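Take a look at the structure below.
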Amino acid sequence: MSAAQRDPSVTGRPEAPLLRGQEGYSDNVTGRKRQARRWELLFIVSTLVGIVALGSLLYNVLDSAYGLVAIDVKVDPASLARGGVALEALPASELATLLREKLKKRDLKTIEKEQPLAARSTEDLLGIVQTKVVGVDVVGTWVLSGSLLRRRAIEAELARTHPNATLTFKSWLRPAFLSSQQSPDPMRSGVRSAILGSLWTILVTIVVALPLGVAAAVYLEEYAAKDRRLTQVIQTNINNLAGVPSIIYGMLGLTIFVRLLEPLTSGAWLTGATSATANGRTILSAGLTLALLVLPLQIINSQEAIRAVPGSLRQASYGLGATRWQTIWAHVLPSALPGVLTGTILSVSRAIGETAPLVVVGASTAIFQDPSGPFSKFTVLPIQIYQWTSRPQAEFRSIAAAAILVLLAMLLSLNAAAVFLRNRTQVRH
Amino acid sequence: MSQTTPAIALSPAGRAVASTAVAGIADEMAIVADNVDIYYGQFQAIRQVSLPVQRYQITSLIGPSGCGKSTFLRSLNRMNDLIPSARTEGSVIYRGVDIYGPAVDPVQVRRRIGMVFQKPNPFPKSIYDNVAWGARINGYSGNLDELVESCLRQAALWDEVKDKLRDSGLGLSGGQQQRLCIARALAVKPDVILMDEPCSALDPIATLRIEELMQELKAHYTIVIVTHNMQQAARASDHTAFFMVSDDRAGYLVESGPTGDVFTNPKDRRTEDYITGRFG
Amino acid sequence: MVEPQRMKPLVDRGALSTVTDVDFAARLRPQRRPWEAVIESGLFVAALVSVLTTAGIIYVLGYEALRFFLLPQVTLTEFVTGTVWQPSIDQFGVMPLVSATLLTSMIGMLVALPLGLFIAVYLSEYAAPRTRGVLKPILEVLAGVPTVVYGFFALTFVTPILQNIFGRNVVEIYNTASAGLVVGILVTPLVASMSEDALHAVPDSLRQAALSLGATRHEMALRVVVPAALSGLAAAFIVAISRAVGETMVVAIAAGAGPALTLNPFKGAETMAGHIVRISGGDLSYDSVDYKSLFAIGLLLFLITLGLNLLSQRIVARYREVYE
């Protein structure tokens, strides 16, 4: 019997008997089917709403990170060209000379105090020339969608309010944004110190949380008697810690690492600074706080990885006369390693986006230098985003959006690494 | 094609061949499977099975494990539709309608061809709600209490649970749970009840009770039962169909007929070998 | 129990003793392995760090909160019943902070619970494996986006939309509605994935039983699977509430920067977590009343979330008993 013959019009079979209701039962298939379709629609729409939410989140960030900028200038930059070379193409030394000529003594002093002119990059110097000498002033910014759809209207509006202003399309996320220091001027500000701060902090977090988490997981899975009261207390405690709001960890970090252990976390014991100048609000304190924050997650993930190691492997090792630690070190941990590392990446992606606890621990609001080690003052990307978002000016929204893109890119590469690791282990087993 | 095979003749290849017109005996048949093929993706699980199921009789499907008898049973009320890769070809005629036809709703099919599963699977609800559930969703308008009682009585469970109808169905013993599942199936007043190894998870005493119950139920229902227990098939069924698995792991029907004939006077060597325990 | 019958030894004991090496018996004695013991204690200490963390949290919050309550200008009664939070004029009523927290959490839950549950039902009962394979990672991405980004989203996307719908003079720039909605979006992936786990734990045999009785898919999902997973779903919901109550960055950015006792979701109000993060973000002297008061709020926040998490774990524990 072929599929075509199923067609009742071909076979001539009656459909009626099957559809006739049974005595005492309304069946009401039509109504129920309609209801079924409505519910299914509701489920699908809900799922779509979730997707749309993610879509609008990304759209909103991209929308803010690119767009038109209207710039007014006090001095025509063409007049600053030297020996036929345009301002933008001048070398660092020329720019420095230019600044010394044009700037007031006092302004020059402030800038030199921040960082000497001779030590600054060309990019940086050009930025200073543009704000201080050329007098670049942002008179308006527009989001991407507005810039594309209403360009005419924007131009007309601008011609009326700022006839001398030039309208340019700006990508706020640009190489200079990654390589420049933070600055009060949004046009020049960058996330260099924030990225380095994030990396340093994460490094401290990994160095502490990874061994501690794995060790705790090994103890709980391989040594502790599951029915012992203490083991159960530890296990319940870990599950509870995973649900504590992150800001509470910030308060713990503030009290323990920043205040109580200040001599240690400020690095005073290394540099010999007195307690008066010591400041515990360092990368080390931040990293340790985040380490405590991700520790429960790290332990739970490591436990799962260790649990997934087949018992036969342990038995084989014991069968050869290995001790318990030899078995763990030589067989269990190597087999669990990919899983442990995947778990670590998840912990790191949690830590890298954390903001609230680091605000409490005391991230610095203004940092103009690269962090040089665990005892430096710090800021991290999420903090930078938070501060910029909180400013009322639209330009700061735009650089916040650009910083978000940098943060998401970091997270995305971490997750890609986790997926890669996961797939590799799945192939092996 | 309106012809199918009430009596199965076997070709040398072991394939069932249609021979007789269906029209004459259609009234005695609850379900007629006609050249059914079932695939899971590329893999063929059932090849060319044609089997008539007699009304108000118990038909048992036997055969070695992996021969597809459960798969075939599930094709009789379109439970295989739930497996995304599963595909059924051929036709299953129920009351003159091919249930795999284009205008047929599987919900309607299952509502009339009920099922009892290998492991007892009561809902995590009270005993009462377990029985009443199917009647409720199908818009039963009569007295629900009476329906629940009569179904539990038919399933020979009433006396054991009448004082604890509000207790969870999960609190019952395995055999009681399976009888609860039978009562649950009865409550939507099906024509046919498919039973997929209903006793495999039960002890011998509970098994015997279910077998007795089947004998009582056959006055009102047609029963098709898959069993791996040949004594059970011989003891409890009126008709027997013997399935086997071919070299490419597809299941096929070797022979079928009245249980007495199949067990005492099998037409096929393979049936004889199987029932005398030479393999499987 | 009957004593097993003694077997005749295969080898005569006398003969065995002649081949036994005396040194060998000594070697079989338990050996001391100091390293093994050291390692085990080291690992145990690592496991204890988590307990110490909890102890630290309780000590730090408890100690500083106690110092706060021992201040002459503070009373516990006023803390609980007072309706104004203004440390500068010695007003310490936590009510405005709590009410704002409840408001944002409730708005968030109104979004997250139905949305998360419906997504879970779709993924678990409807979606084909391939669709699931696409949707699950999307949920994971949503769950992995840092909360500060959600805060940016609330302030620069949701608030303008609310203002366009309800009017600029009705909806303030900082408002609990926008923050609450985004908190809802933020916890939706959590609700969805925990609920899906709960639905997934319902045995397939129940689905088949429902369908074999002639149920449609939605009848099966809503009247068998969801009720069977109810305790798991409840646990998921409670964890989600706890997460919403403790959520900080979204409310810190979008809900407003000043405690206010209002139930109007279009006005600004500061939540407990939002207040902590704003005050501690400024320069704060460790001996000030403000500083100590933060720990009292922190303690309250900790107790609320801990209570919710413990409740959820109890429900899960009971729910495991049903199926195993």
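Going in written order, the chains are labelled A, B and C, and every chain counts its residues from 1.
Following the convention adopted for this analysis, a residue touches a chain if its C-beta (ideal position, glycine included) is under 8 Å from a C-beta of that chain, and two chains touch if they have at least 3 such contacts.
What you are looking at is a predicted structure, and each value in this text was computed from that prediction instead of being measured.
Student: Have a look at which chains touch which and call the overall pattern line, ring, star, complete or other.
Tutor: complete
Student: I need the chain pair with the most C-beta contacts, please.
Tutor: Here the largest contact count links A-C.
Student: Which chain's C-alpha centroid is most distant from that of chain B?
Tutor: A
Student: Roughly how many whole angstrom separate the Cα centroids of chain A and chain C?
Tutor: The computed centroid separation for chain A versus chain C comes out at 21 Å.
Student: Quick check: how many Å separate the C-alpha centres of chain B and chain C?
Tutor: 47
Student: Just how far, in Å, is the C-alpha centre of chain B from the one of chain A?
Tutor: Roughly 58 Å separates the two chain centres.
Student: Any chance you could list the residues of chain A touching two or more other chains?
Tutor: Chain A, residues with two or more chain partners: 32-33.
Student: Two or more other chains in contact with one residue: find those residues in chain B.
Tutor: As it turns out, chain B has residues touching two or more other chains at 107-108, 111-112, 137-138, 188.
Student: Residues of chain C touching 2+ other chains?
Tutor: In chain C, the residues touching two or more other chains are 216, 219.
Student: In the complex of these two chains, what residues of chain A are touching chain C?
Tutor: Going through chain A, the ones touching chain C are 32-33, 35-36, 39-40, 42-44, 46-47, 49-51, 53-54, 56-57, 60-61, 64, 211-213, 215-216, 218-220, 223-224, 233-234, 236-241, 243-252, 254-256, 259, 292, 295-296, 299, 323-325, 349, 352-356, 359-360, 362, 382, 385-386, 389-390, 397, 400-401, 404, 407-408, 411, 415.
Student: So in the complex, the part of chain B that touches chain C is made up of which residues?
Tutor: Against chain C, the touching part of chain B is residues 77, 79, 82, 84, 107-108, 110-112, 114-115, 117, 119, 121-125, 133-134, 137-138, 170, 181, 184-185, 187-188.
Student: Touching residues of chain B toward chain A in the complex: what are they?
Tutor: Per the touch definition, chain B meets chain A at residues 1-2, 34-35, 89-91, 93-105, 107-109, 111-112, 135, 137-142, 188-189.
Student: In the complex of these two chains, what residues of chain A are touching chain B?
Tutor: Answer in residue numbers: 1, 3, 5-8, 11-15, 17-19, 22-29, 32-33.
Student: Where on chain C is chain B touching in the complex?
Tutor: So the residues of chain C in touch with chain B come to 128-129, 203, 205-216, 219, 223-224, 227-228, 322.
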